[in-house]
Every structure is written in C-alpha cells, then in structure tokens.
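Next up is a structure, given as structure tokens.
Labels for the chains are A, B and C, by order of writing; each one numbers its residues from 1.
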Amino acid sequence: MTETETEESGHAPSLFQAPPMAEQERMVEAILFASAEPVTVAELESRMPHGCDPAEALVHLRKRYEGRGVRLVRVGDAWAFRTAPDLGFLMQKEVVETRKLSRAAIETLAIIAYHQPCTRAEIEEIRGVAVSRGTIDQLLEMEWIRFGRRRMTPGRPVTFVVTQTFLDHFGLESARDLPGLQELRAAGLLDSRPMPGRDLSAEEAEDEDQIGQSELFED
Amino acid sequence: MTEPEGFEQGAETVAARLAAESLIVDVDGFEGPLDLLLTLSRTQKVDLRRISILKLAEQYLAFVSTARKLRIELAADYLVMAAWLAYLKSRLLLPPDPADEGPSGEELAAHLAFQLERLQAMREAAARLMARDQLGRDFFARGLPEEMTRTRRVRYTATLLDLMQAYARIRTRDEFRPYAFDRDSVFTMEQALERMRGLINFAGDWTDLSVYLPEEWTGDPVRRRSATAATFAASLELAKQGHIELKQSETFAPIAIRRKKT
Amino acid sequence: MTETETEESGHAPSLFQAPPMAEQERMVEAILFASAEPVTVAELESRMPHGCDPAEALVHLRKRYEGRGVRLVRVGDAWAFRTAPDLGFLMQKEVVETRKLSRAAIETLAIIAYHQPCTRAEIEEIRGVAVSRGTIDQLLEMEWIRFGRRRMTPGRPVTFVVTQTFLDHFGLESARDLPGLQELRAAGLLDSRPMPGRDLSAEEAEDEDQIGQSELFED
C-alpha cells in the first residue's frame, strides 16, 4: 500500500495507464477540430485523461495532416486546425469581411509587431507623427495588440505587444516568424537609436506625462 | 503623386508649378513631415542609404516656401521640421566649429537618413504582413465548432452562522420591525410649508406661531406636537428664504412671525 | 463559340481538366471543415472547379477519417465533420460553481433543524410565508434534509428532518447541538434589542395578536 502511494506521487506510471499514443492523437484531433480558437497544450492536457502527452501527440498529428486540405498549425503556445491557404478560393462563402485598417493603423501594428514590446513614444518616433488614440484603440479592440509590461524607464510608460489573435490571423507561429525580421534586425533597423544629442528616455518620460496615462487607461 | 521633378525655386514652368501644387494639395495625404521627406527622397532615385540629406533638406524647404506662397497652412510639426532642416543645412554647409560640443551636421544627417530608412523598412514590413495569407480570407477556422458542453454543477453552501442567523431572524423578526412613523399623527414640514405659504401674506404684524397650526391638529397632544414641530421648521425655512421674520422674547416664550416687508 | 458552350454545359469533358481525385479530396475536406453547416453534394459540386466529382471524393475522405478522432458523417443529404462518439467525453467540461443558499432555503433549513421533525405547514407558520416546492426540493436534492415519519395527525402530513450530510457540512454532532435563541443572543448573533420588560419566551404568543402589522414583514 505504502509502495503504491510512493509510486503514484513520483514519476512512475500511475495506477491509471495513459491511453496509447494513437489514441491520444485521436483525442487531440477531436479537441482541436471542435474548437475554432487555438487550444494551448496546457488546456489539451487538462482535458485529456491523466498521464497524456499532448505535445507528442501533436507532433504525430501535424505530420498526419501534412499536405491535406486542413493543416495543423501552431499559434504561439497553442494549436489549431486551419484550411490550407491554397484552397482559400473555395471558401468565398466563408470570407469574413474585416474592417479596413487605415494606413496609420497598419503601420502602427507593424511597428508594434517588429519592435515589441514597444511604447507609444517609440511608435511616434518611428512614424514621425503622433499616434492617435483611435488607432491604438482599434488595434486593442481587434485584439491584435495588448498591453505589455511597463518599461522601467522614467515615467514607466506602458508597452504594447501583439497577441495570439494577431499570430492566428496572419498565420504566424510566433512573433519571431514575422517576415523579414532577421534582415531588419541585421540591418540595425530595429535598434532603438536616439537622435544624436537627445536622450530618448527622458523624452519618453516627458511624453508620457503629456499624454497622461489617464488617456490610455481611462476605460 | 506627380513627380515633383525640377521642383526648385525659380523654376516657374507650368509643369513645375502643377507638380508643386499637386504635392501641396496632397499635403493631407502625408502622415507627418517624416512621411513627406520620405516621399521627397524618392525623387533622388537612389538607395536611401546614399541619399543626399542636404538636397533633401533643400527640397523640403522649397516645399514649405511654396506652400506659404500658395497660402496653404501647414501643421506646426511641418514647420518645426523645416526649422530643424534649415539648421541642419547650415551645419552641413558651414565648416565645423571645433568649440561646438553638440552633434555634428553629419551625425544629424546620418540619423535622419536612418529614420527615413527605418520608416521605409516598417512600411515594407507592414505591406509584407498584410500580404500574408489571412485568417478568414485565405485560410479558415472550423466553421462548425462543436460546443463544449460546460456542465455547470452548482454547489450550494451555507455556513453554520448563516443558519443560526436565519433562525434568529425568523424568531425575532418582530423586534427587527423597522421604525415606521404612524402616518396618521404626523404633520410633515412640506404640509406645513404649503399651508404657511398661503397664509403669510395675511401676517402683516407679529402673530404667534401657534395660530398657524391647522385646527384639526390642535386637539390630540401627539398630533399637536407634530404640527407644531412641522410649522416651526417651515417658518425657519421661510425665514431663510427671506419671506418672513421670526422673534422670541425669551427662552420658551411663544414664537411670533410676521411677513417681511419688501 | 456556340459549340464550345454546348459542350461545356453538357457532360462532355470540359476545356479544363478536373483536378486529380486526391486534390478533390483536399477540397472537400477544406470546405466541410470551414463551413458553418453541413454541405450537400450539390453545393460541393457548385463550389469546386468544373468537372469535379465530390461524391467520389467524399467516399475517399470518409474512409480516410475512419477510426480517427473526427468522422465524416451524413446529416440528412449533407455532410459534416463530427467528433467520434467515443470521444464525446472530451467535449465536456465540468464547472463547479459555489453559490450561497437563498434566504428562503436557509430559513427553511434552519426551521427544520431547530424543530425537526417538522411539517411543511409548520415551516410556513413559523416563516409566515408559503414555502415553495422548489426550496424543499433543493434541500432534499442536496441531501441536507430528508423525509421523516408522517405525523399522526389528520391528513398524516410528512415531516422533514436534517440528515447526516447536513450535520457533517455544519460540523455538528447532532441537531440538538444547535445553539438556542438565548445563546445566539449572548453570542451577539442577534443584534436586536429585546423590548424592556418583555420575556423572550413569552414573546412568541404575544407577538401575533399585539402588533398584527404583518404586511410590513413580507419577504
């Protein structure tokens, strides 16, 4: 009795044998098929019987769907089935009309994605123009960006980062897979390079005061 | 955008003017001075890394002066940029002053070139991003997601304290009877106020307050007390509003009122 | 020109070769996956390139999904993916929600605990309001009360008593351990001030006749 208990609490196989991997694969397949949203490995694990290894099942499953009409894709730390992009032409009926984004919104989004975490002052520095409240709001509302950590610089400005919804929308596994990210980084174009003779961090603090955090956090 | 080629001061050909004006009229289309600079830089038809910042500064300044000639109002940040570029131009043209501590004209120019290149790079990155296959347009999620039946199991709980308090509440509820006025014996201040407003016009000289009590409230002591209190409170209110004056010769003496003379 | 048209609308092979069957299978797979409702063969045909044979593709596809976590099923004359029936348990998530017992229920429970065995009429008499069927049912379902013996009075009404589950939940050895009114008062659980000169035990009898303002106390 004591022995069994020790075994259970340790890493030894539990009393309840985990289902065979083929079966686990079926389970992951069923769960992901049933959901329109990406499902995290942690959630898969919590829904599957004790002792299952969804991460391994996902590897098998992904291989199985290679070249099929639907594919298993990774979105951040979650997974989802999505139709193969080359078959998009068949899905005219399902096309969701997305709100047309302004040029400012698209650029702001790209800047956040490539520079994240990124403060409002940095976005303005890059675009050379003030970022309107509406632009940030729209991106927040679409759940393509969210607040990140505050920057540990004077004024402790908030930062923005892109979300899983953003990754899912653009078919990216992670923000590291953004097109041309490596090249941009290698070219030094993602460096924060302050204007000679000016202190960016001081400016940021100033800026933040002006905008007033109230504006960002009003709601 | 029409080519603003040959867009230089003095070149007053029709084509140049038209080009200049179209650029100006489009000023609303620019997302700030940096965007305008980037557009102007394209006329140099060179790699952004080999762009002549000096020439760009001149182009920008020419643009601003043309805008002024056409009496087009430019936003403040365009003018700030113009001032900065004029300063940069002077730093680039004049031999460097060894005593000057600030950044050199070359450094400032290099930074501007970097900013332009970075903005251009972000533009291209944004375009590449938007050109990607997009969810709901090129690839699709499951159209018929299966409902996760969330079997909601409600567990009701209560503590021993809840139980005892509930019991105590029931067994003693009469003691908890909220204090309520017996409305029959209460003359409210509103009633008194209304009554007195009608009567004060006739109160030319000092009159005892008790005269104003409604007759049917003077018999029963409880009712009389309530009516007196309400009438007194109403008279204070009227005095405050400046309609009447109040007087009492000594403590506990009768209170008299009269209409305030206007 | 006229000829070509006749040919196309007829069954003759079209100008454009239909895609290979494996490709058609992918197409059917993607359409069924993305569609918000089951899709008929006719609709598949209308959405796929000219010359496709969705019926045959469906046969292949169905076979492919045999034994998988999802299956291709026929719904009326349309087709859809569905979770394999044996995996239905994965689609459930039990959420346990803890809620406070309603005032009516706790009062009813308290009366039963203090007066057991106790009939419904007695509960109503003490509470001064009718006891709803649902309240009793709820307490029965929670297994906090159960039926006791029938009362040997006219109509032989059922009585209610509290259960062992009830005692366990409230940490009581028996219902007799419940503190009495005097103790509740002493413990400060009753913040009512007894009327001066009034005996607590006599209170009950007096109450009803004297005040009679029952309309103030309705819940």
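Just so we're on the same page, a residue touches a chain if its C-beta (ideal position, glycine included) is under 8 Å from a C-beta of that chain, and two chains touch if they have at least 3 such contacts.
Because the structure is a prediction, the values reported are computed rather than measured.
S.K.: Select the chain whose centre, defined as the mean of its C-alpha atoms, is least distant from the mean of all protein C-alpha atoms.
M.R.: Taking the mean of all protein C-alpha atoms as reference, the closest chain is A.
S.K.: If we define chain centres by averaging CA atoms, which chain lands farthest from chain B? Would you check?
M.R.: Result for max centroid distance from chain B is chain C.
S.K.: Suppose each chain is reduced to the average of its Cα coordinates; what separation in Å results between chain A and chain B?
M.R.: Chain centres of chain A and chain B, defined by C-alpha means, are spaced 32 Å apart.
S.K.: Rounded to the nearest whole Å, what is the centre-to-centre distance of chain B and chain C, using the mean of the C-alpha atoms as each centre?
M.R.: Averaging C-alpha atoms per chain gives centres 44 Å apart.
S.K.: Can you check how far apart chain A and chain C are, centre to centre, with Cα atoms defining each centre and the answer in Å?
M.R.: 34
S.K.: Could you tell me which residues belong to chain C and also touch two or more other chains?
M.R.: 30, 33-36, 81, 83, 91, 93
S.K.: Give me the residue numbers in chain B that touch at least two other chains, ranges are fine.
M.R.: Residues 140-143, 146, 148.
S.K.: For the complex, which residues does chain A have touching chain B?
M.R.: 33-37, 80-85, 88, 91, 94-96, 98, 103-104, 106-107, 109-111, 113-114, 126-130, 168-172, 178-180, 184, 187, 189, 193, 195-197
S.K.: Provide the residue numbers of chain B that touch chain C in the complex, in ascending order.
M.R.: Touch residues, chain B against chain C: 140-144, 146-178, 180.
S.K.: Of all residues in chain B, which touch chain A in the complex?
M.R.: Interface residues on chain B, with respect to chain A: 31-35, 77, 102-103, 107-108, 111, 114-115, 117-119, 121-126, 128-130, 132-143, 145-146, 148.
S.K.: Please output the residues of chain C touching chain A within their complex, sorted ascending.
M.R.: Contact set of chain C toward chain A: 25-31, 33-36, 47-48, 67-70, 81, 83-84, 87, 90-91, 93.
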